[in-house]
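Right, I'll just put the structure down here and ask away after.
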Amino acid sequence: MEWGTTIFYVFGAITLLSALFILFTRNILYAAFSLILTFVGVAGIFVLSGAEFIGVTQLLVYVGGILVLIVFGVMLTNRVKGQKVVSPVYQKFVGSIVGIGLFMLLMKGILEANFGAMQWMKTNEQQTSLKRFGMTLMTDYVVVFEVIGILLLVALIGAVYMAGKRKGVNDAS
Amino acid sequence: MMPVDHLLILGAGLFVIGFIVVTTRKNAIAVLIGIELMLNAANINLVVFSRFDPDFLQGQVFALFVITVAAAETAVALAIVLKVYRHFKTADLDKISELRG
Amino acid sequence: MIQGILSYIIFLPLIAAAVVLCLPKRLESSYRIVTVVATGLTLLLTIIAVYSFDGGIAENINSEENLQLLEKSEWFSLDLGSLGSFSVDYFLAVDGISIPMLLLASIVLFIGAISSWNIRQKKKGYFALYLLLSGSVLGCFVALDFFLFYLFFEFMLLPMYFLIGIWGGPRKEYAAIKFFIYTLIGSILILIVMIGLYNSVYDPVRTGAEIGVTSIEQVQTMVQSGEVAREDIIKSFNMIYMADQANYIPGSLLSQMSGGEIIGKSARWIAFLALLIGFAIKLPSFPFHTWLPDAHVEAPTPISVVLAGILLKIGGYGLIRTAFSFFPDSAFHYSWMIGFFGVFSILYGALNALAQKDIKKLIAYSSVSHMGFVLLGLAAMTVEGISGAIYQMFSHGLITSMLFLIAGVLYDRTQDRLIENYGGLANRLPRFTIVVGIAFFASLGLPGFSGFIAELMVFLGAFKSSAVIGAIPQWMPVVATIGLILGAGYYLWTLQRMFMGKYWVKKAEWTERLKDLNSREYLMLVPLAVLVFWFGIFPDTLMSLINSSVEGFTDLLNQAIR
Amino acid sequence: MKEQSNIVDGLGEKLSEIAGDLFYLGPEVTLAITIILVLVYDLLFKDKKEVGIFSIGFVGLVFALVISSFINAGTPFGGMFSLNMWNLTIKFLLILGGVLMLIMASRDQKNINRFGKSGELMIASLTVIMGASLMSSSTNLLMIYVAIELTSIGSYILTGIVRGRKRSEAALKYVLFGGVSSAIMIYGMSWLYGFTGTLNISDPTFFSGLSNVPILPLSIALVMTIGGFLFKLSAFPLHIWSPDVYQAAPTPVVALFSFVPKVAAIALLIQFVGAINTIDFDWQLWLGIVAIASMTVGNFSALWQKNAKRMMAYSSIAHAGFLLVGVIAFSESGNLALLFYAAVYLLMNYGAFLLISYFEKQTGSANINKLRGIGLDVPWLGVLVVIVMIALTGLPPTAGFNAKLLIFSSIWESWQGSGAQVLLWVFIIGLLNTVVALFYYLRIPYYLFFKRPEKEIDKAKLTSIDIVWGTIFVIPLLVLFFKSDWLVDFLNNINFVL
Amino acid sequence: MIELQDLISPTDYDPMINWILLLLGIPLLSFISSLFIKKNAPIWSTFLLLVNTGIAIFMAFSFWYGDSVSIKGVWFTLGDTVMSYSFYLDRLALLMIALVNLISFLVHVFSMEYMKSDRNKPRYFAYLGLFTFSMLGIVLFHNLLLMFIFWELVGFTSYLLIGFWFEKKTASLAANKAFIMNRIGDAGMLTGLMILFAQFSTFDLEAVKALMIFSEIEDGNWVAHFTNNGQEVMNSLDGRWLSAAGIALFCGAVGKSAQFPLQVWLPDAMEGPTPVSALIHAATMVAAGVFLLARVFVLLDAQALEVVAIVGAITAFMAAIAALSQFDIKKVLAYSTISQLGYMVMAIGVGAYSAGLFHLVTHAFFKAGLFLCAGIIIHQLHKLHSDEIKFNEQDIRVMGGLRLKMPVTFLCFLICSLALAGLPGFSGFLSKDAILLNATAWAEIKGGGYYIVIGLAYASVILTAIYIFRLVFLVFTRGFRLESILNKPGLMDKVKEGNLILLIPAILLAVGSISIVFGANVKAENTWFMQFITNPIYLVPESYAAFSLVDLSEATIKSLHGWVAIVSISLAVGGLVISYFLYRPISKKALIFQDAPEPRGALGRISFNHWYQDVLYEKAIVKFIVIKGKALAWFDEKILDGFVNGLAKTQVVLAHIVRWFDKYIIDGFVHLTVSTSGRIGQATRSIQSGNVQTYILSAMILLILLLLWLMI
């Protein structure tokens, strides 16, 4: 086994274990922090898969952005006064059954599909450059890029507006 | 390199874990965490496949946008959670079920 | 003859409806005048139309040449790409089958308008809806484009729904909904078949124009042999074309040649059954009749009159015009069943009528019984049977209108319809009793009244059927004669309980309210009675109109069966 | 496509191509600009912004509408979009939906406040329309995803932004459900990418890639992907969010929800099934079941609803099923029928919501029970309601009937052609559903006319302009019944260009 | 090959049509005008009838020797089938119009007095006019359909007249009964019409007869060959339909002529005014059945005729038994009528066509006479009614000794009774003798069990004599029993003979009952009637005609002639003697007759209750139908409608299920599973709808399920 492969598995294990921790912990804060670990694991996989930019973005946006949001959200919606921020669990049984069923289904799908043997994947893997990535983003996907801009803008405005304490469109009801 | 299938199974596992989190956690924010896990699972797939698509890197681009959108969505979702919290004084979803039928 | 007379007939009530809507509330009392005048003019126009109708020219029911007073212009034509294009025509005409129905409808609507005279609440709505109903009912009988027909057929439901639901009796909502749902199920079945049909039928004239051939026969042979490209075929809603098997696109599901199947059964059979059920609900035949007693009992008198007098006939007319014309082979295949349901309805309705306590319910069940004759006559597929079915529809329309008016007369005075609450009314209301007697005896099929002629024809046709065409066995009409006896039974029993014996009513205060017929009531009842007599003694008045069309129709059936 | 070795070469070419293609996205660009303008206006002025915001939004939308009718077919941005006359018409309808929503909103002071006090609601609405408009023509999975998200986020905001306990609850449900749905969808998309190596569904490699995949993984991927579309369509089984959201959201917004994302999703589905047709996956069967289930579940669940808006939500689920019928027919005529249906659905649905908003204005609630006897006080409005409800049921003499006729005719034709049983069942069950639908659609006129009013209601609140607008929304339903060829010919002309 | 159109094509103008129209028109005018002119209706309508009678008698005399006249025309067309009408005047018709008009006229006259005090007189006379019109219609039209129409009309008029005093519940019920019983018969007759029409495409009797000749039995099928408009027609039915046609037509007669098993209506019909009973229920309407049988006689095949004969004999016997023990004078006469009608029907059945008709005519006279006499008695006794004197004036237990006070009536009654009993010198003897002669001959030919049939006929002879003289003795001899019942001696003196208006019709009818009217010969076949109205030629396809009428009339009859007469006379005399011993003025029975209870013995009860037929019908059939109707109504309301409502309910339930599905499968599938897996505690806490996570979960489950569906 090569080094790279080992690291792959290490990151994979980190991801999976931390995700499982999220699944089993009741404390949301723990979950949130465990999520960091998951993200890091995923970011590692990204980097190892040749998507350094995505990996970095993953860390920046998720760890730096989303997670902070989530933690703030947890703080704001739970009166954290010493006690644990617990999220109770319910319909565990059915949820797990469905989840496991889904997993089996996906497993079976993956194995049957045999992605490794896909025709288009015959070409050898190549390292990609950030430059190419940027070019693609700004040429082929420029529309998406712009649209994302609008999306972020709107989401931002909306989020700010809704979260704002006294704001929100007035309504009698 | 890790075989593609293993990574995909990892993705699937993450997806399912995320799904179970979504369906079993009462807290709305925990549900959001679950959704993030599911999105990450998809991202893993995308990036993995993108390895074989060096010309256009579509998978990577997709993953990038997923991350971005996820951020936006989380922001909106959290804002809504806060709003709900103001009305219901809780973020437990089983208590937020006045609309039904 | 007036050009476009049929359009006038349909649109006159609709325009009048608009007029009623526009009249201000302070002219409230004029609504009914407008209504009566409009329906009266419609009747006049209809009579002119009937007068100008030549009963002798029909040769073949499925060609446009035998139609009269024809008005046909393209309404719209849609090009549906891969579905090909189809055209919907504004196509009105009458033949011997529809002209009696048109006449009946005009008469009954006029009488109904008079009978609406003392509607007291929400007059504007009532009269506007009544006129809308009138327009659509009349339209139903003259429309020969399936789309147009379906429009009128459906459009009838709404005014009816509101007329029963707003101006009805205590359980009006229930009755209105029940009526609507039942009929709607029927019309959905019809719609299903309609979609199938227009996808299977082409318009030879327009298609000919498309490919530059003028002779219809030539177009038909060309289409049948597949020489015409699919996109040149123009589909049609034309009911006359649908009745000609040569106008079915080869390979289409409902084409007789291609023998399409649905779930292993002939598609034509299934389509026929769908139409049959659709119209049998309207007719109504056992076991689809249960909406009728409720609707009748709850509806206000004029609406009962229109409902029983005309709307039921649309069921029978629809069967002739669509189900039997389009799928004669299937009709033959199912004739035993149709005949059986006819006979069963006759007996079932009569026995039910025997047990009724409410006079309106009794009349309603008698309608079920009488409409059974229509089914029996149709199932016979002989000239006599089908003429009888048409005659029965016409005659039942008049008689049952009379019966409901009678029930209305009583109800107006006492607000009570229970038979057991009256006795010996003949002493107090002698003239009314005479009218009741005429109506009852007419309804039970006493010779001299139109009902007898109709039932006789049905019997003759049904009995002949097995020998002539092999449709229904001889025992059916023989068993159906029991219906005559039961009919006498329930009518005479009712007559005896309500009108004979010592005068007695349940509540003393009714006595002073029980006055004999007033002049408005005479105006409604006497003409009906006279007509019932007239058509019982001079059947040729009507037969001369319908004979040749019915012959054409039976020829069509015969050809298809052979 | 360009040579990979020399990336920078041809960049200029590419950029100019992009600039040239920009016109194809004229409506979207216009909407984006409008969004910015509203935002700027909102920031610049403090009070009495109603007129300004409304007029900017309105002008923007109308401008987009005009532009959308000038665009030609094409596949701009390297096949990211596939514009043909068909989905351009859809686009036109979507934007028209926006215009009509603004008109509807302007009929009620409450809604004027909601939209006008501050720009967010307007911005979110425009976003929804923009997203939907992108959705309707995109052929790239990424673009599809982003467009759907754009629509979704706009919708979440629209649902949640107006204050109210119920609204916030609905918004939360919406956002969580939506989040999961989109996660499922992109998971499916990621597989599709894995199968084919391309995100462009109009690319031949997409199709050829799918052809070699075993049925199970293929089905999983397609079902998950289409699942995301069904969420926007609010079709079974991803319809569950919609009643809650419809009940809570402001009426004009609900009208928007019930039309714009739905029809966009239908357009998307048409593109998508076009790309996956004839591979192993029997999408017709699958969508057929979905359509049947949507119609049935929608109609049956609507039966005993007490809230008119909630009822309309179920109605819209059922209509999603009816729209799906057009997709399943998968033929030229099916597409035409869909266009017709969409146009009519726009009219009748907006008409219904407009009238509901009137009654809401009168009685202060969308509760059907509150409508007792009003019909006799405002007869003309009552008549309009009857017409709309009849149209929604699909009975003559309303265009709803023609729409159903066309759409079911097309499925009949497809069935005749292919003989697939599911099409027949869709046909029959679909039509029989009409009967069920009648039950609840008639409940509104039933309460309006048959029930005794509980108390005297204040009629002064409705102005004659309200009535006129109601009439304007409703009368085309009648006109299009009697002259449906006007619309069909118009649509046909468009199709011929295609 | 015979051409149908030739048979039914309209005839040229024949002046006879005017007479016919006049004949039909005058009674119709009487009907309509009586309703309007109110006050003078009785005299006016009587006058009209007099005119009509004049015309009828004039026609009978002037056309008697001419050929039969047939006038045809088109009534309406049905498809290409011409529904023709046709009048046919042969001697039978002429005789009948004269008879009907004459008796009707006499009854009109009688009624002027009898109904004097009734305020509904105009209505009464109108009805009589309508009746005469319809009866003449039956006689004049020679087309089965039109005959059927008038046939029903006659029944309808009878309904009106029986129910004339509709305030009496019994009267209205009797009217109903009469109409319905007639309807049953008519339904049968209609079946006959259907069969004949299916075969021959016409109702014209002449045409039917002509076509019948050309019909054949081929392989058990009854095939009619003819051409219609030049097109060859071959209508074929199973051979049994030929018999069925005959029996079906006979059903009509069974109803109208009160034959077993439909005869029960006639005794009840006595609720109508007595003159009506005389006219309708004795002389004319009930005879219409016999007339019809005579008209279609040649179309009846052997089986049908056998049924006719047997039914006739049974009826004759049963009714004669019933007449023995009745207390109501009109009821006795009613049963007597049934019995005599049974004779006539039997006569037709045994092939004694002319004898049967002969009996029809003689019976019309003496039975109408008896009824009118009874009417006089009832009318006169009715006048005794006062505040303290109340009794049933129709009950023979209150009568007695009226001979002294009402001699003319007595004489008339006696003559008619003698005629009824069939004693020589009176008309009844001639006709009855002719019938018995033919019947005996018939039984001779057929042999075996058929002797039972004529046995019944002979038994009826003696029974007839017994019951009618019982009546004579009890009504007219010994003292007036009402005196002793009411304890009011001298009441007898208040009884007066009827006035001339009442008496003259009775006298005329009595005179008509003397045999001299029909010829001074004791042999029936020598009367002018039998000379002129002879048996027709039999037309039914041969294999279905079991015997030849010619044989019957010629050979056998001659050999039987003597002793049949002797037997019948001795039976009649025997009956008279028995009656005398039982009811003679000083017999035990007569002495205490005022207290006579209802008979108790088995035979007596059978007789008094008319074989319990009414009870049977009431209990078995009517109840059955009513219960059936109720059950069906229940079925309709509860089951069928319930089913539909059930459907609606199912829809609701389905809606609930779907909603439930939405809520519990989509929401609660989860919970369900939860609870089944033993976590009920948690489930109760978590069963909450509106939870977005269950939404998501269920959506996913459904997606997976849909996916799996695809895979299967």
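When the chains are written out, they are named A, B, C, D and E in that same order, and each has its own residue count from 1.
By our rule, a residue touches a chain if its C-beta (ideal position, glycine included) is under 8 Å from a C-beta of that chain, and two chains touch if they have at least 3 such contacts.
Worth saying up front: this structure is predicted, and the values here are computed from it rather than measured.
A.B. asks: Following contacts chain by chain, what is the lowest number of steps it takes to reach chain C starting at chain B?
C.D. replies: 2
A.B. asks: Here's a test of the contact network: exclude chain E and give the groups of chains still joined by touching.
C.D. replies: one piece
A.B. asks: Measuring between mean CA coordinates, which chain is farthest from chain A?
C.D. replies: Using the mean of the C-alpha atoms as each chain's centre, the farthest one from chain A is E.
A.B. asks: Find the most central chain, measuring centrality by the gap between its CA centroid and the centroid of all protein CA atoms shown.
C.D. replies: C
A.B. asks: In terms of C-beta pairs in contact, which two chains are most connected?
C.D. replies: A-B
A.B. asks: Taking the mean of the C-alpha atoms as each chain's centre, how many Å separate chain A from chain E?
C.D. replies: 99
A.B. asks: How many angstrom lie between the CA centroids of chain D and chain E, rounded to a whole number?
C.D. replies: Centre-to-centre distance between chain D and chain E: 77 Å.
A.B. asks: Roughly how far is chain A from chain D, centre to centre by C-alpha average, rounded to an integer in Å?
C.D. replies: Taking the mean C-alpha position of each chain, the two centres sit 30 Å apart.
A.B. asks: If you average the Cα atoms of chain B and of chain D to get two centres, how far apart are those centres in Å?
C.D. replies: 26
A.B. asks: Among all residues of chain D, which ones touch two or more of the remaining chains?
C.D. replies: 4, 142, 146, 149, 153, 156-157, 160, 164, 172-173, 176, 180, 184, 191, 194, 197-198, 216, 220, 244, 439
A.B. asks: On chain E, where are the residues touching two or more other chains?
C.D. replies: 659, 686, 690, 692-694, 696-697, 700, 707
A.B. asks: Among the residues of chain A, which ones contact at least 2 other chains?
C.D. replies: Within chain A, residues 90-91, 94-95, 98, 102, 105-106, 110, 115, 118, 120-121, 132, 140-141, 144, 148, 151, 155, 158, 161-162, 168 contact more than one other chain.
A.B. asks: Which pairs of chains touch one another in this structure?
C.D. replies: Those chain pairs which touch are A-B, A-D, A-E, B-D, B-E, C-D, C-E, D-E.
A.B. asks: Which of the residues in chain C come into contact with chain E in the complex?
C.D. replies: Counting only chain C, the residues touching chain E are 178, 181-182, 287, 290-291, 293, 348, 351-356, 383-384, 387, 424, 426-427, 441, 446-448, 452, 456-457, 459-460, 462-464, 467, 474, 477-478, 481-482, 484-486, 488-489, 492-493, 496, 499-502, 538-540, 543-544, 547, 550-551, 554.
A.B. asks: Provide the residue numbers of chain D that touch chain B in the complex, in ascending order.
C.D. replies: Listed in rising order, the residues are 1, 4, 141-142, 145-146, 149, 152-153, 156-157, 160, 164-166, 168-173, 175-176, 178-180, 182-184, 186-187, 189-191, 193-194, 197-199, 243-244, 247-248, 305, 310.
A.B. asks: Flag every residue of chain E that touches chain A in the complex, lowest number first.
C.D. replies: 669-671, 673-674, 677, 679, 682, 685-686, 693-694, 697, 700-701, 704, 707
A.B. asks: Inside the complex, what are the residues of chain E that reach chain D?
C.D. replies: 651-652, 654-656, 658-659, 661-662, 666, 690, 692-693, 695-696, 698-700, 702-703, 706-707, 709-711
A.B. asks: In the complex, go through chain B and note every residue touching chain E.
C.D. replies: 19, 22-24, 31, 93-94, 96-101
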